[in-house]
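Each of the two complexes below includes subunit A, the first together with subunit B, the second together with subunit C.
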Partner chain A sequence: MGNMGTQTLPDWLTKTEQFTLPELQTKRRKTDGFIEKTLAGISTIIEEAVFSQKYASLSGLLQAMDARFKLISVLVLLLAAGFAHSIGLLIALNILALLMALASRITLSFFIRRVWFFIPLYTGIVVFPAIFSFITPGKPLLMVGPAIITEQGVKAAFMIIARVGASVSFAVLLVLTTKWQNLMRALRALYIPQTFILTTEMTYRYIFLLLRIIDDMHLARKSRVLQRTSGSENRSWIVSRIGVLLKKSQGLSEHVYLAMLSRGYTGEARTLQPGRAGIADFGVLSSSLLVLMAVIMLNRY
Partner chain B sequence: MHIPDGYLSPQTSGVLLAAMAPIWIRASRKVKKTLQARNVPLMALGAAFTFTIMMFNVPLPGGTTGHAVGGTLVAIALGPWAATIAVTIALVVQAIFFGDGGILAIGANCFNMAFVLPFVGYYVYKAIASRTNPRHKWLAAGIGSYVGINVAALIAAIEFGIQPALFHTAQGVPLYSPYPLSVTIPAMTIPHLLVAGVVEAVVTAGVVIYLQRSGEPFFNQERKQIDTAKPVNAAAQS
Partner chain C sequence: MVFEIKDVVYSYSDGSAALCRVSMHVQDGEKVAILGANGSGKSTLLHILDGLYFPEHGRVYAFGELLTEERLQEPGFSQAFRRRVGFVFQNPDVQLFSSTVWDEVAFGPLQLGLPQEEVVGRVEDVLSMLGIAKLSKRHPYNLSGGEKKKVAIASVLSYNPDVLLLDEPTAGLDPKTQAWVVDCIIELNQAGKTIVTATHDLSIVQEITERIYVLSEEHKVIAEGDPAHILQDEELLIKGNLAHFHAHRHGLAMHAHSHQHIAHDHHD
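Right, the complex of A and B next:
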């Protein structure tokens, strides 16, 4: 080390830079929050994926079902929620979803939080203006200043919230009670090509690897940058990281392909065979079909 | 732009799913033909990239953040047909596993974001890039992505806007999205013209500039197959 002269040091290391550390602030500036926001988003995704798998290993009504039958039953129930023409029917479907969650040993508070926390609440805000006569004309219910709330408007708003709630409930039940490998395999029941299923399986696996790379990028930035950075500097950093991620993902696909080739991949996709269905599977599927038929019949009244 | 279940009638979702079927068939044939056996890992990583690009929060002036969809960027990198497959898979994973976008609405979401967005974005990019200096490819990419996301938003607005006229009860209660075209078009297009489109353009153009400056090969893989004899580029391994 001793014989290494100072001339070998790179310029940037010998240069002194004038900069002052930012003052300690108790209130964080909004522009500095994009790193935390991304890190929080990644944690939420991983948390959701882990929690979904936790419930899938319990023994309950839906967990015991063959994934193919469960997938088709849920699609039928989603159609029932889509075709229902009255608030009463949609409330009944929401109650059915709650009962299915109970029978599948999903904690009700967790299920309600997962279902009703974001999408239906967001829907409520989105459809709020529709209760007024300037969007939905009809029988006046109430005057709010110059605006009139109509019966048709209120019904329309409740209808869409209840419909979105029921749809999200059935979709959440499917994902919470099924291991993701079985869910992928179940897609074969819908005549989806094996290549597509294999690709989707790989996508699901590599999403978590890419998320980890993004997480590392942001943590590295957060732990090394002390100086306050400008918005344009942050934007150019973000786009450069997206560029790196794009090239990394393309390079990785080549590595994965070579690894597949070396393990005997011939270009023909093969996925695991689905298991056997039991009487209970046929029972749940026929019950779902009955619910759909009942909804279509009751729409007439 | 992810449409949840309940906003569109099952009939609308069904029509858009049927419209996507021939597009998916054509896309998978095209991808299989050009990429052969490596189409599976390339599409899988392309889809994983499409999924994760939405995780990047881009700081915007005024203190808020936004995220890009990346459809045009993926179309420029992989080709529009391959982008259709990659974005479709990303949307399926989002809908089934993460509740982002509806399951019945998969056809509609794929039509808007896996077909309209990458194709419009890519062909606008191609039309401009073929007439300008290669150094200005980033500008073509930015404009292409801006047009692509805005056309996709307009199509989504039309899908929402036709619901109350087509599907309502005898008493005039809208069954699905209650807003007419006169509301949905400005409600969807103005935020996309002013914010989401700008984020999309900044990200797409920025990534193209970054790749051009760093000397990374940036090619459409539907047109040029990767030569396995060549080493994988250094940046991909870093």
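Right, the complex of A and C next:
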């Protein structure tokens, strides 16, 4: 055995300690992997949002569009969803979103899951009280104990859910069918300040890097923890790692800024001019405008 | 003269010393290495040469002009200086901040005001020259370490600087990519570029440099000379913590000698 510089290995480090692995227990202990699950969850969401180009790479209606026109078309359709005042129109907009998903070769079951999984969870909870008479008075529909569900309340709640559903559908269509970099380029073309876009791009870029650092820190700790740790130990470890991560991210941001300065950045990012749009782009944009006008007209009836 | 620095002193924000009265010069077209152990101040010195850090004491001249924070705030001076000096950072993740490889390579030329058509042409040329054209639409996050290093080099070459500052260019790379980086440095120097490399990798020094500055752990220049002399001076290398005293057994006998890792000569 050689030595390392002027130090020699202490005796205990040269001896092999014997440990036998315990046999498999029939009754499995419940594992407490909330940190892993949370980290994996965040990673998956960002990875899907930024790096997954599964649907954006297909050749479908929306994928073929120039990202700038697609962005404007979606904004117009969002306005239409906002202006629609009847359940029929909102259902029609939801069906339109489904048809656009089909034309863009997005699997319907995936699309519906993506849109309708969170809506009942969030919007549903928020609008739930509105179905009762103490929020929305009106014609009684059903008695639930002392509370009365009103027809007007159910209608109002349904309209909000349908409107959120249509809006989320259009937004999801935009994100699923557009490559991240093209979406950012589209924002540039709409005169969104360059600094804002650059910051957004870089946020996504470095969130992932920081997530990897957290994951490594967590795994490094896990590999050395010999016993189950208590909740308070876990919490205190998490708090300390948040501090470390903040310091690391600050250091990283300073170095990134220096790397930008070094390549001529002066506070105003310059980018390439966007390319030209085709006839199909104008077609889809015109159709979106027609939908908006139709919604406004039909609201009167 | 490309760079001349005189008596430069620099401290980190916590007050610890990074450079103590460092003087050096770099001639046009030279290959110079700054050799030093971890924490000796090599990276800080490169940051000073690139006008990113400014010394508390001493002077820095670039292309015969005094390099100060005030001068770099002048748009004309700043643009001319940035176009002439390119810095490849040690950590590619710091340097690759754009959403695609293509955007990353285009970032420098665009900021430095090159015409759009020329930017497009240069990006395509550099990507194809470095054999990374197939990566152009990829997100930098998904690249391997070697690919990231190539993109980092491409992102600087695209605006064709006269001087390249390379911070630990072979750190963390596999042997094949290390050899590629060494060949790239030699080729760029032969094309007339001035190369300043900060490294502690003795295995590449002979190939990538014709003059070496050795920084000590006390953040001072302790030697300057050609690689043949510096690399044979065991006492100097041990003093700079670049070589170590190595002991091992031959049978029952303990054998000790100084030890360093230097590449074997390459033969065509």
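Heads up, the rule we're going with is that the second predicted complex is superposed on the first by the 243 of 301 C-alpha atoms of A that agree within 3 Å, B and C clash if a C-alpha of one lies under 4 Å from a C-alpha of the other, contacts with A are read in each partner's own complex, and residues count from 1 in each chain.
Here is the rule we use: contacts are C-beta pairs under 8 Å (C-beta built on N, C-alpha and C of every residue); 3 or more make two chains touch, one makes a residue touch a chain.
Note that the structure is a prediction, hence the values are computed from the model and not measured.
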(message) By the touch definition at the top of the document, which applies to A:Gln181: first (subunit B), second (subunit C), both, or neither?
(response) second
(request) Considering only the touch criterion stated at the top, classify A:Lys155 as touching first (subunit B), second (subunit C), both, or neither. (result) first
(request) Pick one for A:Gly41: touches subunit B only (first), subunit C only (second), both, or neither. (result) first
(request) Could you say whether A:Met202 touches subunit B, subunit C, both of them, or neither, answering first, second, both or neither? (result) both
(request) Kindly classify A:Gly264 by the partners it touches after superposition: subunit B alone (first), subunit C alone (second), both, or neither? (result) second
(request) Using the touch definition from the top, say if A:His255 reaches subunit B (first), subunit C (second), both or neither. (result) both
(request) Using the superposition described at the top, determine whether subunit B or subunit C touches more residues of subunit A. (result) B
(message) Using the superposition on chain A as set up above, list the residues of subunit A that contact both subunit B and subunit C.
(response) 180, 202, 204, 206, 209, 252, 255-256, 258, 260-261, 265-266, 269
(request) Report the residues of subunit A in contact with subunit B in the complex, numbered from low to high. (result) 29-31, 33-34, 37-38, 41-42, 45, 48-49, 52, 74-75, 78-79, 81-83, 85, 119, 123, 127, 130, 135-138, 152-153, 155-157, 159-160, 163-164, 166-168, 171-172, 174-175, 180, 183, 193, 195-196, 198-200, 202-204, 206-207, 209-211, 214, 231, 234-236, 238-258, 260-261, 265-267, 269
(request) Enumerate the contact residues on subunit C facing subunit A in the complex. (result) 47, 50, 52, 75, 78-79, 82-83, 85-87, 89, 91, 93-95, 97-100, 103, 106-108, 110-113, 116, 119-120, 137, 139-142, 155-156, 159, 244-249
(request) Over in the complex, which subunit B residues touch subunit A? Could you list them? (result) 4-7, 9-10, 13, 28, 32, 36-49, 51-53, 55-61, 63-65, 68, 70, 73, 77, 85, 89-90, 92-93, 95-99, 102-104, 164, 169, 171-180, 183, 202-203, 206-207, 209-211, 214, 216, 226, 228, 232-233, 235-238
(message) So in the complex, the part of subunit A that touches subunit C is made up of which residues?
(response) 1-3, 5-6, 50-51, 180-181, 184, 201-202, 204-206, 208-209, 252, 255-256, 258-266, 269-273
